[in-house]
Every structure is written in C-alpha cells, then in structure tokens.
Amino acid sequence: MAKAVMMLPVLLSFLLLPFSSMALTQDFCVADLTCSDTPAGYPCKASVGAGDFAYHGLAAAGNTSNLIKAAVTPAFVGQFPGVNGLGISAARLDIAVGGVVPLHTHPAASELLFVTQGTVAAGFITSSSNTVYTRTLYAGDIMVFPQGLLHYQYNAGQSAAVALVAFSGPNPGLQITDYALFANNLPSAIVEKVTFLDDAQVKKLKSVLGGSG
Amino acid sequence: MAKAVMMLPVLLSFLLLPFSSMALTQDFCVADLTCSDTPAGYPCKASVGAGDFAYHGLAAAGNTSNLIKAAVTPAFVGQFPGVNGLGISAARLDIAVGGVVPLHTHPAASELLFVTQGTVAAGFITSSSNTVYTRTLYAGDIMVFPQGLLHYQYNAGQSAAVALVAFSGPNPGLQITDYALFANNLPSAIVEKVTFLDDAQVKKLKSVLGGSG
Amino acid sequence: MAKAVMMLPVLLSFLLLPFSSMALTQDFCVADLTCSDTPAGYPCKASVGAGDFAYHGLAAAGNTSNLIKAAVTPAFVGQFPGVNGLGISAARLDIAVGGVVPLHTHPAASELLFVTQGTVAAGFITSSSNTVYTRTLYAGDIMVFPQGLLHYQYNAGQSAAVALVAFSGPNPGLQITDYALFANNLPSAIVEKVTFLDDAQVKKLKSVLGGSG
Amino acid sequence: MAKAVMMLPVLLSFLLLPFSSMALTQDFCVADLTCSDTPAGYPCKASVGAGDFAYHGLAAAGNTSNLIKAAVTPAFVGQFPGVNGLGISAARLDIAVGGVVPLHTHPAASELLFVTQGTVAAGFITSSSNTVYTRTLYAGDIMVFPQGLLHYQYNAGQSAAVALVAFSGPNPGLQITDYALFANNLPSAIVEKVTFLDDAQVKKLKSVLGGSG
Amino acid sequence: MAKAVMMLPVLLSFLLLPFSSMALTQDFCVADLTCSDTPAGYPCKASVGAGDFAYHGLAAAGNTSNLIKAAVTPAFVGQFPGVNGLGISAARLDIAVGGVVPLHTHPAASELLFVTQGTVAAGFITSSSNTVYTRTLYAGDIMVFPQGLLHYQYNAGQSAAVALVAFSGPNPGLQITDYALFANNLPSAIVEKVTFLDDAQVKKLKSVLGGSG
Amino acid sequence: MAKAVMMLPVLLSFLLLPFSSMALTQDFCVADLTCSDTPAGYPCKASVGAGDFAYHGLAAAGNTSNLIKAAVTPAFVGQFPGVNGLGISAARLDIAVGGVVPLHTHPAASELLFVTQGTVAAGFITSSSNTVYTRTLYAGDIMVFPQGLLHYQYNAGQSAAVALVAFSGPNPGLQITDYALFANNLPSAIVEKVTFLDDAQVKKLKSVLGGSG
C-alpha cells in the first residue's frame, strides 16, 4: 500500500504527458449529415454523445395497413448517423398475415435477417445460373442474403411476423424491382422493351404504383 | 400474342447461348472449413444448398447457469459458413437477472446490438481520451459499438434479457479482458507489471478462471 | 568510359545479391481455375506467360441471331484468368438493329461502357428514389453504371451497335431480371406474390424463357 | 382486373410511406471538384443529371503531331466526375505510325487495354525478377497491366492505332519515367547518381524535355 | 545527334499537351487537420511541400521520468499529416530500466516493432483461445502484433531500451486497459461488475490514475 | 473473499462452455509459403508459435561491398511469414559512404523510412506534374513515400547510414528502374524506343547489369 501511495504524483504526470497529443484518434465517425457525403461516408460530427450510438426508431412496429401488408423501417446512416464508417446498419421488417416484402436488392451490402416473431418465407436468386435458394424461417432462425442479389420475404404463417435485419454497410440501399420499373417516368415502351412484359401489364402496374410515361 | 408465340424458339436459344460460359461467377463463397483459412476468409465450398445460408443455432437460449449468468452464442463463420466473405455475422446474448457480459473487444468488427427482451446497460470506452459512452437499452433499442473498443453489457432489469448481435465481419473475434489476463499461463508477475494490479488480486482471479503461472 | 568499365564486376554482384530472396513478390495473381475460389479471388497459377495477360475472345462479334438480337461476350476471370485480383474485367456487347440487353444488374462491380459503333440508348435506375438516368450514346461516347443498380442498353440506331465494357472487378456477375424470375423453378405463385405481375404474364414468360413451376 | 383496381389507393400509400426517409442512400457520388479531395475521393455533388454519367471527350482522336506520335486522352475523375467512388475510369490512346506511349506506371490502378484499330506492341516488366511480358495486339485484342508495374505501348503496324483503356480506379495516375527524370528541376547529378545514366545522356534529355538543373 | 536536335520543338509540345488536364491526380493526400475527418481520413491539404512528408518528432527520446518509466511518442496523422490516406504511421518507444508500456490495443492497425537499443520483452494474447505469445527482443529484432489484440512491452535489460514502431494505418489508436478502466468517470461498481476486480483494487487504481466514481 | 471462493466451480464452467466453439477465430494468418498465394495473401499455417511473429534477419548489416555501396534486406512475407494478412512489412537499408539505393518504386505499398544512423538524402517524384520532393534526413528523422511513386535514397554524409523501413503491405514489391530496363532480355531497340535513351547508353548499362538483347 505504501508503494501505491508513492505512485500517485508520478502516475498522474504519466497520465497527462505522452498521450495528450493524440486527441485526433478516430475511434468512430458519427455522420454530420449537414455535410456532403463522400465515397467512404459522411464527414465526422464534431461533438458526440452516447445518444449518437443508440437508436430507438426500430422499437415500434411499422404500419402494415397497406397493400403489401408490410413495412420496412430503416436504421441506415441517414436515420442512425452513429453507424457512419462502421460497416454496419440495421432495419426492422413487420409483415402482417399475407404480407410481402417485394423482390428487391441492396446494391451496397449483404443482409442478415433475424426472425423474431412469426414465420417468414424467404429466397434469393443467383446471377448467371438463376438458381433459387428458398427457406421457411421460424422465430430464432437467421438467414443471409449475399450483396446485390434479388431476394424477397413474405409472411408464411398465421400471425404477424417481425424480423430484425443487419447490413454489412452503413448505407445498403434498397432497390425494389417493381418501383424501379413502375413508380417513375421511365416510358412504358422502354420498360416493355427491356423486360418483355406486355404493354397492358406495364400500364396496369404503372397506374397502381404511380408511374407515368 | 402471336408475337409472343413466335418468340419461343429464338428466346430459348438466347437462354442457352451467351451466358453459358459464366458459371464461375462468385455471388457468394460458403466456407469450406476443411481448407486452410486465408486473410480474406475460407476457400469456397463446391456444392451449396439453401441450408448453407440459414442457421438455427441462435433459436434456443444459451445456458446462463454460470457465474456471469450470461451466455454468448456465436454465429460466426465457424458455426455459420454461409457468411464467409459477406462482411457480416451474428450472435445471441442471453443475460439472466444480475448477469453480465464482461469487458471485451472484437478485434475484427464493429458490433450492432438489438435488445429483444428485458433491459440491458451497455457502454464502450474510447481509446486515448478514455471517454465512456453508456446507455440503458430497452426492448427494441439498438446500439453500435465501434471496432476494437472495450465494451460491456449487463442486465439492468428484473427479468431475463436477450439481445441479437450483428458484426461487420464474418469472424469478429472476442477478446474478454479477464480471460486474456487470468485464464492462461501468462505469469502473474508479468500480469502485475503490465496492469498495475496487486499480486493478490491477480492470483485470486487466476485461481478462479483457471490460469496458471 | 573508363569508369564504366571498372563498374562491371561490382555491379554484377549487386545484381545477384540483395534481391535474390524476394522471388515471392506478388505483382499479379493469374487465376488457377482448377483450385477453389476464395472471397478475394482464385489462388495464383504457378507458371505464367505473356499469353495469360492478353485475351482474344472479344475480337469476334457475338451471335445476335436470337430474340434479343444481342450478345454479351464476357472476359471475366472465368474466361480471362489474368485479371484475377486486379480489380478489373471486360466484356463485349453486340446489339443488332432492334436488339436489346435486357434489364440487369452486376452485383459485384460498376460498369464503364465504350460505344465503338452505332447508337446505343442506355439507362439506369437509382435505389429508393427510383430516379431514371437515360442517355443516347454515339460511337466514342462512354457511360458509367454504378454498382448493383438496374440498367439496360438497346440499339437506338439503324445499324449494328458494338460496345466494349469494363467492370471494376474481376468477377462482376450478371443478373438479368427476366432470367432471375422466369428461367428457373421459382413457383409462379411466388413470382406473382413478390412482383405483383399477373399470373398469365408470369406463365407466358416462364414458358418463353424455359422456367418451370 | 377488379382486384387491381382495388389495389390502387392502398399501394399508393405504400409507395409514400416506408421508404420516404431513405433519401440519403448513396448509389453513386459524382465528384464535386470544387471541394477538397479525400483519400477515398471527392465529396459528392449535390445535384446530379444523366449528363454526369456520360462523357464525350474520348470520341475524337487525340493530336499525334508530336514527337512520340501518340496522344493519351484521359477520362479520369478530373475530366469525368461521374466515376468518383466507383472504382473505374478510362482513357483513349491514339498512336500514329511509328508512335509510342513511353515507359510509364499507373501508381493507383491496374489497366485494361482494348485495341480497336491497328496493331499495338505492348509489354510490362515485373518487380524484383524483372521479367518482361510482351505481346503484339491486333484490333479486338485486350491486355491487362497489373497495378504499379512499368509498361509501354507502341504502334507496331502500318496504320494508325487506337486503343480504349479502362483503369481499376477513378484516379489512376500516370508516371512517365522520362518525364519524372528529365522534365523537372531534379539536379542532373542526382539523376545520374540514382540511375547510372551518363551525364551527357541526362543533359541531352533534360534539354529535350524541358528540365533544368 | 542530329536526330536529337530535331526532336526538341516537337517533344516540348508533347510535354505540354496531352497531360496538362490531369492536375487532379491524387498521388497523396496530406491531411488538412482544420477540416472534419471522414471515415477514410482527412480532406487533402491544398498546398504541399517536402516538409509535409518528413517528421522530426521521433528524433528525441521521450521523457521516461514517470511511474511506468516509459514514453510513447506518436507520429500518427495528428502529428504527421503526410501519412493521411497512405495506410501507415509511426511511433517511438523509450523504456527506461524497469519501465513498461502497459497492456493495450490498437483498435485500427497492426503494429511492427523494431528494437533499436536495449532488450525488450513483449507479448500478445489471442482472442477466444487466450493463447499468449511472448518474445525477448534484442537490438535489431522485429516483432509484429496483430490488429486489435492485447499486448505489452517492457524493458528486460539493464539499460535503456528504444524501439521504433510502424502501424498499418495512419490513425491506429491506443487503448491502454488501465486508463480505459481507471482514468475516467466509469463508476467503480460498474468496473467491478464487468471485470470481477475487487472494490479495493479498483478504488486504489482509480485514485492513482485520476479516475472518479 | 467468501464470495470469491464460491465462484470457483461456476466460473470454470463458464470458461469452458460458451466460447469453446470459436476456435476458428482469425486473429492472424501466418503464411503457409508451401501453398499457392491468393490475391489477399497466403493461406494460413496451421500450427503457429511465438517465433512466427518475430524476425531476426534485420539485425545484421547488409553487405555494401558492391557498386551501389548499399544493401536492401527485406522482411516481406517471403522472409517473415507472420506479416501475412496484417497490412505491414519491413526492410533494412545499409548505405555506405557514397552509396545509393537507385531509383525505384514499390507497386503495392507506401513506405515509411526511419533513419537510425548517418545522413540520408531522399526524394520522390509525383505522377503527371513530375514535381520532386527532396529531403536530407538525419538520425531520428522519418519520411514517407507514397505508394507507387518513383523515389531514391543515398548516403549524404561522411559515415555509413542505416535506415529501417516499414511498408503498408506484406508484399510491397520493389521495381528498380535500371534493373527493369537493363537487367533482362528486353531488346535494346525497344528500350530505346520507350525511353528515348541513346543506343550506346542502353547497351552500356545492359552490359553492366547483365541484360541481353
């Protein structure tokens, strides 16, 4: 003990001396969303607190009172700036009975799905060989969807399903094929030319999804 | 319709021709754990099925009948070879009342924690400035822990807590400080020298955790 | 000159001495396609010649006598092992009058298109906001398609079009939406559920493209 | 059809609801060249149009009325800001009869060369073992040059040669050995010391290439 | 010679023409520390000189008149902005007789240690298996410490020891376990809960290292 | 204390239980040089000891009794397999009075030079703008050379100089311009064509450095 008491003045000087010049160390980089993004993510926010690393927005169920009877609630860098530069982000899926998360890709991340409630049927399709991998998942099951590949999830049970999702990047993107084709001003003639869908089919879905042209 | 009927023979030839030579495309790389690892992950398994992309091992609660009253169940590449090369992996935390996941780091990934049941107190400590960021998390909350920084979680409620965890890499590692110091043959004198812990303290924990020296 | 003559014996020993032990330097890593792939590419071939770095397979036009009146000839790592590990690969597009490269993505690379002959209309669609960027390209024009986003090209002129394509990775993948949906055994009911396409439309295209279910 | 009509109001709300908060998704990052560069590329331009993804500057032949009888026309991020962050860029080579692209490296990218016209002799040299890989390329041939290695191209035919070039990065750099040595103010004595070239040779090329010292 | 004289006017025009538009090439990116950091490093300083690539701060011994009888002098991006974006940085260790660099990690880099004077005992501990790798190093020896793993160095000789250190990143961070636990306001009760250390031990070290709570 | 005694049986079971399945964690990947390399490095050696992480080969001075009066002793992955996958490697430079490390590049890494003895003049040349950055370095000074750029070092003092070098990758490569041009079978006519050197100069250096052609 006597030794420890003697240590005091010296250790304190050690504390203050050699590492005082390392204040710039980058342990994290909470996004400053008021700045321009860069290819590696947003510039770092200057002043940070514990709240920047936690997010409450996935606690409540999304509203599934819509046609797809499903809701995707993102916690990407835009909603949860603390994940900027950390190679990870999250989302919550709520899928009512009969609901579906339509065919889509994430251009910039792989996806890991945790089913926490209900039953989810999920599948993805490989490129080139067009092989389909499908799986029925129950509460507690997890499934991984490789980056950039088309995939879907739907409720395969008799009660509401909930899943938590993690992505291998802070800004994974979400490209829903139907929206890409039918919810914008891409002319129907071009949609038909590049998909071989019939004109009536294209116009019907454009009408439903709010597309023009 | 007549047009579509005419398409048939031609489209089929299109199907077979130009893409038949692209069978090597790497959409994913399920780990062949019988091979040597490489710095980028395991070599790819030759024959793959839907089961390689799903994992059931996180469905059951881990056994928390131990001193820390907690269990960490990993779904890293060693347990879930489908995540190899995909930049993501998972784990499940079960923390009984009074339980704790002791101070630790993941040398090779950031961590995203989803609390699905109970109340979890969590914190991490920055390098150099030694700032502590702590947060009490309730069911539905998420928190991110930057790569390589010391952090901990403990049950801060009156009932069992469960959390799902995602990592920004397929093989994040887990270095529990107590185990690194007291559960191996690193001589007590060295432990004391590099930590300033008292000899009695070191020997007590070495005894408890099974270390020698 | 006298000085140079004197140099001779000494320089030769310099030649042989200090660098003889560096034979393992990895300037390149031509793929050994007989080995298992890894997440970073194929193991390196042991014996390499100049021919491994050149490829003749894009010299001839692809056969466009098919419904899409187009051909994609790849020079990915599977065809051109010299690009393994080098972050780049190539392809050739031949698009006859009226031809089209249908809607598709490359899950693992951005694309740079050089139009060398004819007129090509091209477009891509962003994720989330579903914005369409379209462009008519003439011989000499180039266009870039960001990784993972849906895009297409078609002949917009009165003569055959040719384009050379480079990718930002050795194995970019090619996922043609129509093939992913209609050229495999994914059941029609599921296709309809995840795309909102009508049953008749799905069955018609499945029939044309050789899908079952 | 009746079913589709009923869908309308519901689907529209689906359209507007769950994804409206994801406007920050980064599908691309067109360079804002008025900002400072970062190690990962330029900050992203706020307002983007289709023109940002296409470039016309490689359509015209470069001027080969110079000693090397060759011209390199770049489409790097500085000329074509749309490639920022996308891991790819381009250039055009025009090589008149007798022309040469002198020995050079690209410090930050591998190169893929498409010969579109004429005959090009090309070669690269490995590090440490100093092995030379050379190849005569005809229209339609491609060749890859690994990152950072010395290489050259020259016209080996009786007519003008043209090649399109892609790089595995948006800003590959171009270090021409002769210019690095003879077109600046590096003193002749130092050039001689580090290259073993004769004084007369160094001074002659410094004079020709505009160097001083 | 006559040929060389004729070259002059033409080569000069070559010098000025085709490469004048490539001034944006990024060979390096010296940090502008007045800007916000990004996940890939600091924005690049506009005006750069030779002095930006050299650093004198490691020339003098650090002050080891403190309890640990050691000093760590960093040359990270904060001290040496020239390493920004280059994947490397440095430090100097001075360890007096009896001195120690306490148990620590670098969250963002591997470390390579060159012992230049004296005798250093060093060790690191693996994650999960808690294996210890220790080594006594003499002047001229080098040792590598993998990213994120706990390690230490101490003087194992009878004279002052000096080591130069390189890191595989420009901003490696330094998390000293004792400082993370005892030099901040993390409450003693939490420290004890997550480390199993005794209350007296924790309070003693908090007192010595200046922690509160 | 009584509490600690009670802990014993429970903690031990904790030790053995939840983490026993994580033996595959990759903290490091010591190169198995008997296997084929991959684009990310060598496959990992199965059995590893402390000796794999230390290297003694830089302790002795290299032999500078040669024309350049200098020696480069590498500790790249080929000599020091422990650095495989860790993003770092090393070398030692010995430069006698009047000695020089000739103009060269490292295609795959940036370099950080620590001068430990004597006086070293060093410089590097940027691409495109051909700007030269030179610096005279004394014992204790460090300098960084960006990846892929031409640079040199020579002894600028009156006594032997020694430097330790770290690289930002395990296999940086070393391309000495003179060796690339004059120490192989690249025909003199081609060397002259791509460098504008005179025939006599090329043949003289080819003769000195052992080249043919």
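Labels for the chains are A, B, C, D, E and F, by order of writing; each one numbers its residues from 1.
Just so we're on the same page, a contact is a pair of C-beta atoms (placed from the backbone, for glycine too) under 8 Å apart; a residue touches a chain by one contact, two chains touch by 3 or more.
Keep in mind it's a predicted model, so treat the numbers as computed, not measured.
Under the contact definition, subunit A and subunit E share the contacting chains B, D.
With contact taken as defined at the outset, subunit B and subunit C are each touched by A, F.
Interface note: subunit C and subunit F, two copies of one sequence, contact each other through mostly non-matching residue numbers (shared numbers fall below half of all numbers used). Here C-D and B-F were compared by C-beta pairs in contact; the pair with more is C-D. With chains reduced to the mean position of their C-alpha atoms, the one farthest from subunit C is E. A centroid comparison over C-alpha atoms places A as the chain most distant from subunit F. Inter-chain centre distance (subunit B to subunit D, centres taken as mean C-alpha positions): 40 Å. Subunit D has its Cα centroid 34 Å from the Cα centroid of subunit A. Averaged C-alpha coordinates put the centre of subunit A at 18 Å from the centre of subunit B. Shared interface positions of subunit C, i.e. residues touching 2 or more other chains, are given as 4, 7, 19, 22-23, 25, 27, 35, 38-40, 107-108, 126-128, 134, 146-149, 173-174, 179, 183, 204, 208.
Across the assembly, chains come into contact as A-B, A-C, A-D, A-E, B-C, B-E, B-F, C-D, C-F, D-E, D-F, E-F.
Only residues 4, 7-8, 10-15, 17-19, 21-27, 29, 32, 35, 38-46, 84-85 of subunit F touch subunit B when the two sit together in their complex. Interface residues of subunit E, counted against subunit A in their complex, comprise 33, 35-40, 62-63, 66-68, 71-74, 76-79, 107-108, 171, 173-174, 179, 183, 204, 207-210. Within the complex formed with subunit D, the subunit F residues making contact are 100, 102-103, 105-108, 121, 123, 125-128, 130-132, 134, 146-150, 152, 154, 173-175, 177-181, 183-186, 190, 193-198, 201, 204-205, 208. The touching residues of subunit A, counted against subunit B in their complex, run 19, 22-23, 25, 27-28, 49-51, 53-56, 58-60, 75, 80, 82-83, 86-90, 109-112, 114, 116, 124, 126-129, 133-135, 137-149, 164, 166-169, 196.
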